[in-house]
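There are structures below to look over.
Here come two complexes built around chain A, the first alongside chain B, the second alongside chain C.
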Partner chain A sequence: MNKTSSLARAGQYLALLGYLVFLVFPFLWLISTAFKPARELGSLHPTWIPQNPTLDNFRQAFDEQPLLQAAANSLIAACCAAVISISIATPMAYVMARHRSRLSTAATGWVVISQAFPFVLVIIPLFLVLKNLRLINTLSGLVLVYVVWSLPFALWMLAGYVRAVPIELEEAAAVDGAGRLRTLVSVTGPLLAPGIAATALFAFITAWNEFFFALVLLKTPEKQTLPVVLTHFLGAEGVADLGPLAAAAFLATLPSLVIFALIQRRITGGMLAGAVKS
Partner chain B sequence: MRTRPVLMGLRPVALLAICALLLTGCAAGQERTPGQIRLRFQSLAWQKESVDANEQLVQEWNARHPDIQVDYVQGSWDSVHDQLLTSFEGGEAPDIIHDASDDLADFAYGGYLADLRELLPQRLRSDIPERSWETVTFGRGVYGVPFLQEPRVLIAHQKVLSAAGVRMPTVERPWSWNEFRQVSKQITASMGKGKYAVAWPLKEPVSVTLNLGLSAGGRLFHRRGEDSNKVEVDFTAADGVVPRTIHDQVNEDRTASRTALGMGGSDALPGLFGGKYAMVPLGFSYRQQIVQQAPPGFSWTVLPMPVGVAGAVQGVSPQTLSIAQDSPHKREAMQFIDHLLQPANMVRLARGDWMLPTGLSALADPSLRVRRYGWAVGAELARGLRSAPAQSVRGYPEWKDKVATPAYQEYYSGAIDLDELRERLVEDGNLVLARYQR
Partner chain C sequence: MTSASAERRAGKRTDRGAWFLVLPALIPILVLSVGPLLYGIALAFTDSQAGRTAPTQWIGTLNFRDLLKDTLFWDSFGIGLIWAVGVTVPQFLLGLGLALLLNEKLRLRWLARALAIVPWAMPEVVVGIMWRLVYNPDAGILNETIRDLGLGDGRDWLTGLGTALPAVIIVGIWAGMPQTTVTLLAGLQNTPHELHEAAALDGAGAWRRFWTVTWPAVKPIALAISALNFIWNFNAFALVYVLTNGGPGGRTRLPMLFAYEEAFRYGQFGYAAAMGCVMVAVISVLLAVYLVNRIRGGEAR
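Let's look at the complex of A and B:
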C-alpha cells in the first residue's frame, strides 16, 4: 500500500470517527442529563458525568405521566404497522422488481413522489376519512395511517432487495422442477429475509417516533403514544422540565435500540450469504 | 438456512401485534350513563403543581355534578394550534379549550369558537378587568376567558447589584430605559471581564420587543378605523426605544451578552447562576425553574422591567379558556369554566403555574402578595398589563416568522441599522398583512 492510499484510508477512518461522534453525542448527553439533579442542569459548567447522579428524574417522569401505558400504545402501533406493511409490501415489491412494465415504473415514480407530501397537506382529509370509519381515537386508525404512510418507502426499499437477488437462482430452481410458489418460499424468501427485517425495522422506527398523526388522531390520555406524552414535559415558549423530559426520552429510545441490536447482525451479515454455489 | 431465524423471530411478534390491534380496535368509546353529559376539557397545564391543580378541580367538579362529567385531557403548548385546527375541521374539537389569547384570532374569525357574550356569568365578567377582556375580543365577539397572565420581569443576582451600588428599582419607581443603560454600565464595570449586566435571551425576539415597547408608547400596529380589522405597520420613534436600548447594550455599551441573543430563557439561567450575567429579563413563571435549579445560597430578586414615557405597562397574551362552537353543551361548559375560575380556584391555578390570575378577587389573595419569590412585585405589575399589540392582527404569525423575527435578530446582532429595521418591518410587513386583509 503506498503512502497516498494510507493517508486516504486514515482520512476515511477519521471522517467515520467524526461522524460517529456526531451521532453519539446527543444520545450520550441525553443519558447524562437524565441522571443529573435539577441543580446540575442549571450549572454554567456542565459535566459529562453527573456529579451527584440521581434517579429522581425517572421517578418524576413516571409520577407525572403515564409512560408505561404510552409505551405500550407505541409498541402496539409500531409492531402492527411494521408487520402489516411488510405483509403487503413484500409481494408487491416482488412484482414491481421482477415484472418491469410501464405500470411498475409509474408506480415507482408515484412511490417517490408520495414521500414528498407534507403531513399537514393530508391530515385534514385523512382525519375526515377516519372519522367516517369511526377510527378516530383508536390505535387501529393510527396503525392504518402508519401503514399507508410507510408502505411506499417499504415498497421501494424491498424492491431494491428483490432486484439484488440474482434471477438466475430462480431460473435454476425452475430448471430443477420447483414451481413458482416453491421458488418464492424456498429460494427467494430466505434470501430476502435480511431485507425484510431491515424494512420492518424502518417501518417500526418510523411508527415508534411518529408524533403528528398520533397527536391529532388520539384524543384520550389512555390512547396516547410516547412521542405525544413526551411533549407534556414542554411548556410555552420552549420552556421544558428538562430532567424528567430527558429521562423519558432516554427510555423512549431503548426499544428501538434493543430491537436493532437483536436483528442488526442478521441484517448486515445475512444478505445473500451462501446464495451462490461456486 | 441462515436467514430463517429472522422470519421465525418475527412470527410471534406478528401474531401478538395483530391480536393487540384487534383488541384495541374494539376498545374505542367511553361508558356513558343515559342522560349524562360528558365534556372534554383539553388543558395545556404541564408543570406538576399545575396539572395537579387542574386534575383536582376536575375531580371536585365531577364529584358534585354526576350529570355533567368532565374528562381531563392534557395537550401540549408545542403543537396546540395544529392539533386544534385539525380537530375543528374534523368536528372533533374538545368542548373546553385551554390556549393563549394570541392563538385565538384565526379560530375566532374562522367561526370555530363560541361567542361567549351570552354565556358569561356576570360574576366572571365583572371580576376580570376590561383590559384583559380586550385580549379575547375579536370583532364584536368574546371568544375566551382570560385567566392567567405573566408580566416580564428582571430576575437579578442580588449580591452583584448590591456590590455595584446601584439604585434598586421598585414597582413605584422603576428604572427608565435610559437609566437602565446607565445602571447596566455601572454593573458591568463592577463585574469584571467577560461578564455582563444583562442577558437578553431573544431566541424569539418579536413578542418581547413589542410587549415591552408599550412602555415607551410603541404600538407598531395601527388600525385604519375604529371598527376596522385592517391593520398597518408603522414604526414610530416610540417603537424604536426598546429595540435601540437592546441594540446599544449589545453593540455599543457591551453591557449585554451577544451570545445570549440566540438563547431561550432557560438557556440563560446557568449564566445567571454562575455570575456571568447580573440580570435576565424573563417571564414571571420562570421563577419556578430558578427555585428548582439555582445553587444553594444563590440570592436572587425580582425587579420590574424598565419603563418609558407610557409608564409601567406591558403587553401580554393571557392564557384562556374557550368553548368550541360545535360543542352541543355550551352552557354546561361555561358552568365548568365558572367553577374552574372561582377566585379560590383561580389562585390555585395561578400558584400551580407560577403566574398571575386575571381576576381581581384572586389577585387580592394574600398568598399572591407575599415578598417571597417576588410574588408581590408581580401582583403589583398586574395593573399595567395590556393586550399585546399584535393580539388580533390577522397575518401576524406570518409577519412575525418571515419578516419581523429575522429583521429584529439582524438588528440586535448589529448586522443592520435602525433605518433598515424600520424599512423591513414596515414595507415588507405591510405586504404580508395586506394579503390577509383584502
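Let's look at the complex of A and C:
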C-alpha cells in the first residue's frame, strides 16, 4: 500500500499544486484589486501585490451604492427564510425519515424533482401571484419564495440527520413511559440539534447568495439585496469601477465564507445521505 | 381492552400525528411550489403578457409552434447543452481525480480541503465579478500573465466571439468543482480501506484496484452528483448574467437568460413559460436516469 513510487508522488504533488493555483488565484486577485489605489488599477502592468494598499475602495463602494441597506435587506431575508423553513421542515423531515408511507415517498420524490425546476417556470406564476397580493418589491414576498425554495434541501438534509438517530432510543423512551411529544423533545431533539443548526445555516447562506428571485422580485434600490446591488457596480455598458466593485464583492462573500467554514463537513454528510440513500 | 385494539389506536394516533407534523411544510409547498409549477405549465398555453389589459386567452399549442420556428431559442438551447456538458464533464473528471488525490496521505491536502470551501460558499454574483476582474483586458491578471510569459498581448476574453463561451465554461468549472470533489471524497472515505489492501496484496495494480474496488463503491454517488450537476448547470443564470449577460452576439445566451429576457424585459410570460416547459422536458430525461439509479441503489442496500 505504501509502495507509491517517488515519481508518482511527485506527479501527485504537481497535480495538487496545479489545483491549488487554479482554485486560489482568482480569489487572491479579487482581494488584491480591492486594496489597490485608483492609480495602480489604471496601470497597464498590474501587479499581484498592491504597492500602496488603501481602504479607499471600500469607502467609495459605500458612497456609490446603498451597501449597508442592501446588507441589512439580505440579512433580514436570509434570517427569516432560514428560521421559517427550518421550523416547518423539521417536523416533516421527521415523518419522512420515520414513517414509510405513500406521503413520505411522494415528499421524497418531490424533493428530488424540485431540484430540477428551471426557475423561470416557477417565477413567472409566482410573480403574477405576488403582484396580485401586492408583494412585489417587498422583502416579505422574497422571504416567501426563499422559504419554499430552500425547503427541499432542508427536508433532504434533515431527514438524513433523523435517520442517523437510532430508533431504539425512541423506543426505549416509549417503553419508559414517555409520550410521543416528550420523546421527540427530550430524546430526539437534542441529538438532532447540531444537524438542525447546520441546515439552518445552509438555508441562510443559500438565501444570502441568491440572485435570480431577488432580481425579478425587487425593483427599487432601497429594497434590493446585496447580490442585486453588486451588479449595479457593473454599470450599463459593463464599464466598471474596478476598485469599489472588488471591495464590495469581497465584503459580500465574508459572511458565507465564515459560516460555510463552520458547517462544511455536516453539509457534505447531509447531502451524501440525501443523494444516495432512499 | 385487547392489545390489538390498543395497537390500532396507537397506529391511528401516529397517523394523525404524522399529518399534523407534515402540514406546516406541505401547505406552503403545495401553494407556492407545486401550484406555481402547474400554473406555469398552464401559462405556456396562453398569450399571457405583462401589463396587458385584455384578458388572457387560451391559445393552445401556438407558443410551442412559434418556439419550434424560433432559431434564436434553439441557438440558445444548443449553447445551453454545450455549456452544461462543457462544465459537467470536467467537473466530474477533475473532481474525481482530485478526490482520489486528496484521499492519499499528501502533505498539503488539509489546505486543499480547507480552500475548496471558497468557490462553494461564494455568491455566484461575486464569482462572476471576480472572474471579470481576472479576464479584464487591461487590468486583469490573465492578460498580464500572458504578457509576462511573452505569449502575446492577450485579448478581451469575454467579448471575443470565439473565446466568450470557453471563458465562461472555465468559470463554471471553477465554481462547481469543489462541491463535486468534496462529495466524491466523502464517498471514497466511506469505502473500506481493507478492500484496497487485500487487492494490493493480491497483486492488483493501481488501475485495477480503481476499477475493481474504488469505482464500484463511488459509482452511485458519482452518477447522482453528475446528473444533478448537469441539471443545475443547464439551469444556470447568475454566473453568466454577471460575466457576459449573454453576449457577445448571443454566444453565451443560456436558455435561462433567454427566458428571463423574454419574460421580464419583453413581458412575454406565456412564451417564456413555453421555453421553461421545453427545458423541463429535456431535464426530465436526465432526472429519470438519476431516479432509476437511485432506486436501484436503494434496492442494493
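The rule is short, and it goes like this: the second predicted complex is superposed on the first by the 213 of 278 C-alpha atoms of A that agree within 3 Å, B and C clash if a C-alpha of one lies under 4 Å from a C-alpha of the other, contacts with A are read in each partner's own complex, and residues count from 1 in each chain.
The criterion applied here is as follows: a residue touches a chain if its C-beta (ideal position, glycine included) is under 8 Å from a C-beta of that chain, and two chains touch if they have at least 3 such contacts.
Only a predicted model underlies this, so the values are computations on that prediction, with no experimental measurement involved.
Asker: A:79 in the overlay: touching chain B, chain C, both, or neither? Say first, second, both or neither.
Answerer: It touches chain B, and chain C stays clear.
Asker: With both complexes superposed on chain A, which partner does A:219 reach: first (chain B), second (chain C), both or neither?
Answerer: first
Asker: On the A-aligned overlay, A:38 touches which partner chain: chain B = first, chain C = second, or both, or neither?
Answerer: first
Asker: So, A:122: does it touch chain B (first), chain C (second), both, or neither?
Answerer: It touches chain C, and chain B stays clear.
Asker: Looking at chain A, which partner touches more of its residues: chain C or chain B?
Answerer: C
Asker: In the superposed arrangement, does A:7 touch chain B (first), chain C (second), both or neither?
Answerer: Neither partner.
Asker: Which partner does A:68 reach: the first (chain B), the second (chain C), both, or neither?
Answerer: A:68 sits against neither chain B nor chain C.
Asker: Taking the superposition on A as described, I'd like to know which of chain B and chain C A:260 touches: first, second, both or neither.
Answerer: It touches chain C, and chain B stays clear.
Asker: Tell me which partner A:21 touches in the superposition: chain B (first), chain C (second), both or neither.
Answerer: Neither partner.
Asker: Per the contact definition in the header, classify A:242: touching chain B only (first), chain C only (second), both, or neither.
Answerer: It touches chain B and chain C both.
Asker: Between chain B and chain C, which residues of chain A are contacted by each of them?
Answerer: 41-46, 87, 120, 123-124, 127-128, 211-212, 215-216, 231, 233-234, 238, 240, 242
Asker: Quick one: which bits of chain A touch chain C in the complex? Just the residue numbers, please.
Answerer: Those in contact with chain C are residues 1, 4, 12-13, 15-17, 19-20, 22-27, 29-30, 33, 41-46, 48, 87-89, 91-92, 94-95, 99, 101, 103, 107, 109-110, 112-129, 144-145, 147-149, 151, 155, 180, 205, 208-209, 211-212, 215-216, 226-227, 230-231, 233-234, 238, 240, 242, 245-246, 249-250, 252-253, 256-257, 259-261, 264, 268-269, 271-272, 275-278.
Asker: For the complex, give me every residue of chain B touching chain A.
Answerer: Within the complex, chain B touches chain A at residues 1-7, 9-10, 13-14, 16-18, 20-21, 24-25, 27-28, 30, 40, 44, 46-48, 51, 71-74, 76-79, 82-83, 86-87, 89-92, 94, 100, 203-204, 264-266, 269-271, 273-276, 283, 285-286, 289, 292-296.
Asker: How about chain C: which of its residues touch chain A in the complex?
Answerer: 13-14, 17-18, 20-22, 24-26, 28-29, 32-37, 39-41, 43, 48, 94, 97-98, 101-102, 104, 106-109, 111-112, 114-126, 129-134, 136, 138-141, 144, 147, 174, 178, 182-183, 186-187, 190, 196-197, 200, 220-221, 224-225, 228, 231-232, 234-235, 237-238, 241-242, 245, 255-256, 259-260, 263-264, 269, 272-273, 275-277, 279-280, 283-284, 286-287, 290-291, 294-295, 297-298, 301
Asker: Would you tell me which residues of chain A are touching chain B in their complex?
Answerer: 38-39, 41-46, 60, 63-64, 76, 79-80, 82-83, 87, 120, 123-124, 127-128, 131, 134-140, 143, 189-191, 193-194, 196-197, 200, 211-212, 215-216, 219-221, 228, 231-242, 262-263, 266, 270, 273-274
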